[in-house]
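After this come two complexes, each holding subunit A, first together with subunit B and then together with subunit C.
For the complex of A and B:
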């Protein structure tokens, strides 16, 4: 990235693409693996934690960006952590108030959002260097990228582990969601390892492999479409030949 | 006396992978025969079904990886994995259990890590543990041995067994039963002698556990054949069986109610012999040097006993082998053999000092 782009800020589409795909916190940066692996046994758990994380990320990115010129470098990390902790406390209290049962299921993993490296990572790497609008957008997109991976993991593990999809969504959406549960494999299906920790590692690995595969295919296509330099042609203003 | 001058290499022609694997397959026959004799057709069906599934999985993955299918299927390693898994699974278990286990073995534990020679864990044991964790009920339902069947009944025949495996028929009463290690685990409060008196699994047995002693003798026989054919060295099996025997002697507690069982029972029931000769001798996932294999075997023997005596599972060969697989690179690091021409052990890549 050239210095010109930094002063103007990256383009909105670039920030969006970064968060959702190229620099996805869960699949590429591999940050926040603890909640990623621990709570994605079902869609409702994944969605609950993902939304909380996203809210914290947007809030902390915004505030960190606002104070970025007023906090000295020496104390910036403690300041960031305090800001993040404040937002996590807010999220925790809100979940306690509105989705108490889900709050009980997620338990310790809600306060542990503070230690999610993705959040501190974005505060340090992006929000403390960019204008507030970009920082908030980055928080939204990074949070969204994390949320999507969490929900995908939760859906796959719930489907293959317990044979259900969208079970107990009423914990998050109220009585409307009572009838959302799908049971495509019948009532007696269960494949415990998908719900247990090994399943989380396996499915995460497969998701990462899938992303890398898609990237490789896209790259191959782009390469095929690009004009190839003719072999032996001379480069302008460089020495040597193109091999 | 004439000294013939022979040029190097002096080693005999090594057997190729396919020959070794075929010998291992042949050596499982006594165990399979004993299982079929004592527990009916279930194990035979398991072995065939697992082999077919394994060959299909291996072919599919090798094709996806763009390699030669005939070359990779020709080394028989997939069949060996499948046969070992099939022997380890309970007879008359539903067909999908066997298929899920085999797919976990071949696709996840073997091919995702790069195929034969690259798998850090024993593929058959990974498949077994995936099943044991996922389907505890089906995996702990064993068939009763021949001596324990109700008078006048026999194990289901081949057709009936196929119906039980593929169509979900339930076997007749009395066909299923516990294993000796199960019985022993759940008989706390009784002296060892009392357990032996009361439980038909023991009072119908010659020395270890009805049916199971024959299966273990079968695997012991096959293992000794492989040993004399120098398919593996004695270090791993002797380490494991020695450690298992020593542990069970130390904690025998002269047959009190808290004794975890006699050395004979531990050596000749469960998967002891199969584990010692067919599982931990896997050249890929075990330690490399002779000393390393001895330590590797001892570690497995101790772990098997510890989990059997004080853990939650009645048998533990699969878990013990997987844990020891984790430790194998570490063991290798500290058991480097001395290279010919050097006075002490060191790595070939280490730089000369000074």
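For the complex of A and C:
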């Protein structure tokens, strides 16, 4: 068992980095854009849908990995879809039971998690080829990457659109969260386009651009660093003698 | 060969379907009561916002009368609905009437409208809508308290000409950039008041009969 874990695929840090940054489902793979754009009007909506998606992704990745050697290629996809649909329905029932108002706000987008390509994509591209531990971790990290982008988008749109941050968080966390709302721009601030769908596209575009910019800067720095030891080789030697 | 693999694969899939349905059935069973309770609480919260506990002592969720079919069109109901009666010590206080206007900017706006038995409005709440965020969604109490401007209004206050947005010479504020939504809501509230005027006697009698029956049951 343990030998299988070692021989099986990528390292933990690699899977983590992939999900959160390098291969982020929302910013790089551009999967699941429909819920991404539709529900990110506020932090609470984004967080609710993000958590539900993450839970489904972890569950489906785990089960898909567990059954990967027992299901033939011919019926693999239908079997995956059944698993994903089951998890989504469970998530829907649980949200309806415990966060009813949020369930009403998110509406059709909860059952629509089934159609989030990121989930079937991860089942097919990763979970069906890797050991269960990695598959679950991949689900967690991909889900987390998706969740973080959703929340970032929700926060930006809520802040600039409605002038609030963390409004109605009690829908998710109960009465404790009643006082979490911030209103940095005063009561009557509102900036319509950030709330409307075009705002979602614009902010998503800016986030993607931001990520690419950071990547470019990091790459330039890494390149520069690779060149340096050759130029400064002598100096490294002299300091070496002092110690 | 192919027949054999088809048979095997269908059995695998059938097993999958079976196991997942079992899991779903269990989850459903486990959450069923909790969901019902949440739905009930949500419905009750909406009713209590209009007629607070100080004004009634019955269970408004249980004290219902169906809307007669000839009034469905007036109230914009497609599948009918229930009127909740609030009463205090057996005396009817107010009726909470469901109504839908199809004239919203993007589709139906459903509301509940509480009317005191003296004909004045106890409160209006929008239950469901898809109006533009930031413009038309100000009919929602979460976004603005515009909807409270109906409180205390009636068929004679203001006169019929006042049941319009200010831009058209009426008494009610419109929103910047959105006239269609408030106009639709105002019209439907007015229609609901007219319905109540037509149906009040019947509702009062039914409510009284209901109360009498309850007393009998209590006596037994």
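The definition used in the following text is that the second predicted complex is superposed on the first by the 219 of 243 C-alpha atoms of A that agree within 3 Å, B and C clash if a C-alpha of one lies under 4 Å from a C-alpha of the other, contacts with A are read in each partner's own complex, and residues count from 1 in each chain.
To be clear about the criterion, contacts are C-beta pairs under 8 Å (C-beta built on N, C-alpha and C of every residue); 3 or more make two chains touch, one makes a residue touch a chain.
Keep in mind that this is a model prediction, so the values were computed, not measured.
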| item | value |
| --- | --- |
| Residue contacts on subunit A - larger count, subunit B or subunit C | C |
| Which superposed partner A:213 touches (first subunit B, second subunit C, both, neither) | neither |
| Which superposed partner A:41 touches (first subunit B, second subunit C, both, neither) | second |
| Which of subunit B and subunit C A:196 touches, first, second, both or neither | both |
| Which of subunit B and subunit C A:98 touches, first, second, both or neither | second |
| Subunit C-contacting residues of subunit A that also contact subunit B | 190, 192, 196 |
| Subunit A-facing residues of subunit C, complex | 5, 8-9, 12-13, 16-17, 20, 23-24, 27-28, 31, 34-35, 38-39, 41-42, 132-135, 142 |
| Of subunit B, residues touching subunit A in the complex | 100, 108, 130, 133-136 |
| Contacting residues of subunit A [partner subunit C, same complex] | 41, 70-72, 74-75, 78-79, 82-83, 85-86, 89-90, 93-94, 96-98, 100-101, 104, 161-162, 168, 190, 192, 195-196 |
| Touch list for subunit A against partner subunit B, complex | 190-194, 196, 198, 202 |
